[in-house]
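The next part holds the structures, each set out as structure tokens.
Okay, so chain A shows up in both of these, paired with chain B first and chain C after.
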Partner chain A sequence: MFFDIFKCRFKSLLREKSGFFWTLAFPLILSTLFFLAFSNLNKIDKFEKIKIAVADIQKAGDGFNAALRNSGLFEVSQMDLEQAKKLLSEGDINGYIKCKSANDFELFVQKSDFEESIIKMFLDSYRSSYSSAEKIIASNPASAKDVINLLSEEKTYINEMPSGNGNSTVIYFYSLIAMVCMLSSTYGCSEVIKIQADQSTCAARINVSPSHKLKVFMASISAAFIFEFFVTLIVTAYIKFVLRIDFGTSMAFILLLCAAGCFAGISLGAMIGALVKKPEQVKIGALVSVTMFFSFLSGLMYENMKYIIQKNAPALAFINPVSLVCDGFYSLYYYDTFDRYFLNVSILAAMGILFSAVTYFVLRRQKYASI
Partner chain B sequence: MQAFKLYFKIFKRSAFFMVLLYLLIFGLIVALFALNIKSSSDMGFEAQRSRIAVVDNDNSKFSKAFASYINENSQPVELGTGEQAIKDALFFNDADYIIIIPKGFGEDFLKDGNARPQSYSLPNSIRAVYAQRMAESYLKLFDLYIKSGNFSFEQAKENVGADLALKTKTSIVSINKSDTGSLKRTVDYVAYAITCMVILSVSLTMLAIEKGDAKKRNLASPISASKIGLQVFLGNAVVSLICCGMIILLVIAIFREDFFNIYGAWYSLNILIYTLVCLGMSFLIGNLVPKNAVNAVCNVIALGGSFLGGAFVPQSLLSETVKNIAVIDPIFWFVKANNEILSISTFNLKTLSPALYCMLVQLLFAALFFSAAMLVIKYKRTKS
Partner chain C sequence: METVVKIENLVKRYDELVALDHLNLNIASGEIFGLLGPNGSGKTTAISCMLSLLEFNKGKIEIFGKEMAPTAYDIKRQIGVVFQNVAVFDELTVYENIDYFCGLYVYDKKERKKLVDEAIEFVGLGDFIKFRPKKLSGGLLRRLNIACGIAHKPKLIIFDEPTVAVDPQSRNNILEGIKRLNSEGATIIYTSHYMEEVEQICSRIAILDKGRVIAQGTKEELKDMISKGEKISVQVYGISEEQLAKMLKIPGVAGADFADGTISISMKGKSGGIAQIIEFLNENNIGYGRIASELPTLNDVFLELTGKTFRD
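Let's look at the complex of A and B:
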């Protein structure tokens, strides 16, 4: 009996074209578009040597010339002012420096971006060092040699620690999978509607049949869960193996997270279906809207939104199932430990159990005097 | 003009709400975008500021002075506690550079200049390079004064502050062009909004007219089929132009005087031409796709076209493969035309020809869609 109902519900889910489009085809298309559009996004703000021109460098002296070339920041060309102006207007250089004396310069740029700011900072820094050296030598002329040695010495004052080379665009893909998990709530809601006699004609027919209501519900909700779990796996496999988005190393953890996400989603939908006495369209519409809003908060439309919520309203991140799934994937990808991953999975499982318990207590022993 | 009037009655019932919804969404996006626009009157050079977080575990006089200098010359970022907070801040670009000052740093640095704070940053980030150089120059000057042996801590601090306050005169070279970059990015976004608005309004209204009672009534009326077709097409054109007009008005409302120049005029022409492409596309969809699939088709075309064509992500950041595929996407040519307009300094036929070429390609797309729609209509009539 259980297996027959399971089979029928599974077949009927396979035949729902609209559901298939929004839970499978749409995420596949969207992930492909994300991949095509964001593949070069992590190249923004990468440092490349800044192209500059210097005019009248002889006025600044050899010290400035050496500092400029040893800084490792610039590709330097020496030329006259007119030529430099022409190159700047054509966009071939970021700026040009007009040397007036050993410690007096004028910088010409076209905009105020980081490249131009670095040129200015170098010049400011050179002037500052020059001024410091003058003051120290004035106070103790014998230290001149030491000061010059110290200034010309290539010495770093800050120890750079190894930092992760994370690509934040992966959040878009993780949020997308989390959205697919949570869209399973629409299936959970539909399954509950299909056993409540005052909600649909199909349910009225089921209620007069001699089969146990809970058994029917368990079979249909299991079919919905298995269906949605496979859909989520297809989307995840496509993103991982075809688009080659990094998910960390462990496949088992990815499967567990997808299962926990689908369980939380299905049970949330079932609970809303049982608690809210409104037409199916209203309930589904509300669930889709809430899912999209939760997806927005977890970074589907703007990747930093996840971090903004995590930093400013951490409680909201913990009650948002989409954010929990997304954060689970992020933990697998970026952290060396699994503490945060297991915290996310545990909260999702706890949510699923809580929603299921509420659904059970609402649905049990429900009788209809008249429909 | 009964069919024309009928068109608007049906449009009001079937698509008006959706058009308003998309207009509202677009309005919100543009308004948010406008919040980040710098005033175009501010033409002087303004140095950038990296986002730097300083975690001072020392709290000595020197570490406080160092942290204070960094905070004054950057956008200070507050970090949570623990290693994960550091990793998260770097991953989500909340901080470009994180400096951890260890306990005892101040005392050790002032003793021999060998103590080092630690830094975390994303590899090879230009913002981090900028931040690092800034922090290093402070420590280097302090080291210089302390090692000379003639200056007390307070004197060294004062002198370093005075030396670092020396600034180089920096001038922005005028290139005789208005700052229309922000306006251009907004106009790029128009492609998504206008595609959704025109496809939904035209396709849904046409499908409602072509099905059920409305179609039967039209067939029974004494007006010829060609006249009805013409009036329905006129309705489509008017609705599309209204969508185009509403979008342009919205952009004007946000950018005001920045829009009223030669660039704004050319952007408007480009939007109008792209609206014709959408009209042709919607006309084809309305004749080809069943009603329950219009929403899905609209989303796929608008989102797909916008991502591929560079409406959401600048075309300069798209890979060559994507750009090669995108030549069959009208939004690619719409955005390319905007790019060409933005790059013009002096407007004449020669400088305008690349933009005009992109507009011509869009017109060809429109003609292609109309022709395909006519073929579909003819095929349907022959079949019925």
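Let's look at the complex of A and C:
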């Protein structure tokens, strides 16, 4: 009986077009939009050297030449003025510098953009440092050698993040997967509604049958769990293999977290469906409110909320299933140890068991005051 | 005869409203038992209590000699229910729906397949087994609803207003199907507010009003309970006041009026008077045309017992 009911419910879920859209198509579309939006951000994050040309560099001296090369900002070519003008007009370089003396430069650019601003900032900084050096040497000629060395030595303009954990946008994809896990709560609620005789005639038909309604419920909720887990896998696979978002090396851990998240989500929905003794719309409304509130507290809508909760009420993050899923992903990505990850998975599993137990005690032998 | 359903002093209240007021029913095996009453009279509430779907305040329900409860699975196994609203899953096909609901009663796949095929043949949905419910017409949908309720071959079948919003042809098919199920041995409980249907198929009828059984018996027994009898209409060319007064003296005649060329005669109780009326007309040389006889209906019974009609 269990397998027959499971099969029918699974078929129904596969054929339910609106449910399929919200649980699968919507996250796929959203992840694609994230990908398109964040790929530009990543491009900005990855600094590419600015191509510049320098004419008459001998007039500026070795100090300027060394400062240019040691900055790490530029790909420098030395050439005459005419050649530099030609390259700029053809768009092969972002700008060229005409050196007049050690402290006098002219910058030529074709547009005023991010790269051009960097060249200007560098020249301003060099001029300012050179003037300071001149003053120091004038007042203390003995320090001349040290000051010249200081001017030409490497100055850090770009700060490289540690490799591996550098892509902050991956967090948004984790949040998206957490959202998919929590969407499963609607299936949990819906499966409870399908066995409550006061909610639909189909449910009344199930209630008048000799099958134990909790067995029917177990088969239906298992179908919903497997369905939702597969949906989460598809979304995760799409993000990893199609959008090529790096999840690190722990794919199996991600799947385990997804399973725990789906289990907690489905049982949360089932519990709310069982506890709210009102029509279907009210149950769904209550469920959406609860999951949205949890999502808000976990920082899905306002990033800083996560830190506010961590600072002021850290315990709240441990009873919020959305936070647990998100934090589980964060811990996989940021920490080298799995302590926090396994703690979150365990709490999610315990929550799922607790929610299921509450659902069981509310539903068993339930009669209705009105139908 | 073996009692299949026994309801004693059943009381169901919704706050101040008494939906069932000390309801008593006894339904014997092999009957088509009609629960007749206007909307809101308590028919569906009584059925829901009977099926342990609704909690009730007082009373006792026994089915097949055992007390009914939500966990009385051995009783539930022998009951089939055809709900007023179509109760099927939109995402499953006709075959899958019947198989699913039959599967709640019959776990053996081979046996179930046979039962599902028989149910499909019974309701005539053989050409539509791969259709989803949304593709079916209203009549076919009703047939699917019936198939889902009876596929497991129950001994007691409850039809809760199965013909609401059904076209006349489908209605006749449903009523014929119910008679066939009964002839195959099933006890039927049929609730309706259509008295013609109840009269047509039920062997015994309980009339409900405000949650109480106001009368119970065969349709003949129910009609005998009221003073109103047969109503005879005779088209005549004319009749004098004197002849009309004389007509009132015929045994069994309760009243007689003449208007628009027609004499309307009301008979008392069971009196069959058409022969006497014809004899009177002949004896008094009153020329007559068409004669029509109208027997009292269950609506007349309801009217006399409650002072209102079904539509009030």
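Everything below uses one rule, namely that the second predicted complex is superposed on the first by the 221 of 371 C-alpha atoms of A that agree within 3 Å, B and C clash if a C-alpha of one lies under 4 Å from a C-alpha of the other, contacts with A are read in each partner's own complex, and residues count from 1 in each chain.
By definition in this document, a residue touches a chain if its C-beta (ideal position, glycine included) is under 8 Å from a C-beta of that chain, and two chains touch if they have at least 3 such contacts.
Just so it is clear, the structure is predicted and the values come from calculations on it, not from any experiment.
In the superposed pair of complexes, A:Asn207 makes contact with chain C only, with no contact to chain B.
In the superposed model, A:Ser89 lies in contact with chain B only, and not with chain C.
Contacts of A:Phe108 after superposition: chain B is touched, whereas chain C is not reached. Of the two partners chain B and chain C, more residues of chain A are touched by B.
Look at A:Lys240: by the touch rule set out above, it reaches neither chain B nor chain C. Once the two complexes are overlaid on the shared chain, A:Glu16 sits against chain C while remaining clear of chain B.
Of the two partner chains placed around the shared chain by superposition, chain B is the only one that A:Lys306 touches, whereas chain C remains out of contact.
Residue contacts after overlaying the shared chain place A:Lys59 against neither chain B nor chain C.
In the superposed pair of complexes, A:Cys8 makes contact with chain C only, with no contact to chain B. Chain A residues in contact with chain B (one complex) as well as with chain C (other complex) do not exist. Residue ranges of chain C in contact with chain A, taken from their complex: 14, 44, 48, 51-55, 70-71, 73-74, 76-77, 79, 81, 83-89, 91-92, 96, 99-101, 103-105, 107, 109, 148-149. Listed in rising order, the residues of chain A touching chain B in the complex are 18, 21-22, 26, 29-30, 33-34, 36-41, 43-47, 73, 85, 88-89, 105-118, 120-125, 127-129, 131-133, 135-136, 139-140, 143, 146-147, 150-151, 155-161, 163-166, 168, 303-304, 306-307, 310-311, 334-335, 340. Residues of chain A that touch chain C in their complex: 1, 4-5, 8, 11-13, 15-16, 197, 200-202, 204-212, 216, 365-371. Of all residues in chain B, those touching chain A in their complex are 45-48, 80, 84, 87-88, 90-94, 99-100, 116-130, 132-137, 139-141, 143-145, 147-151, 159-160, 162-164, 166-173, 175, 292, 296, 299-300, 303-304, 307-308, 312-313, 317-319, 322, 325.
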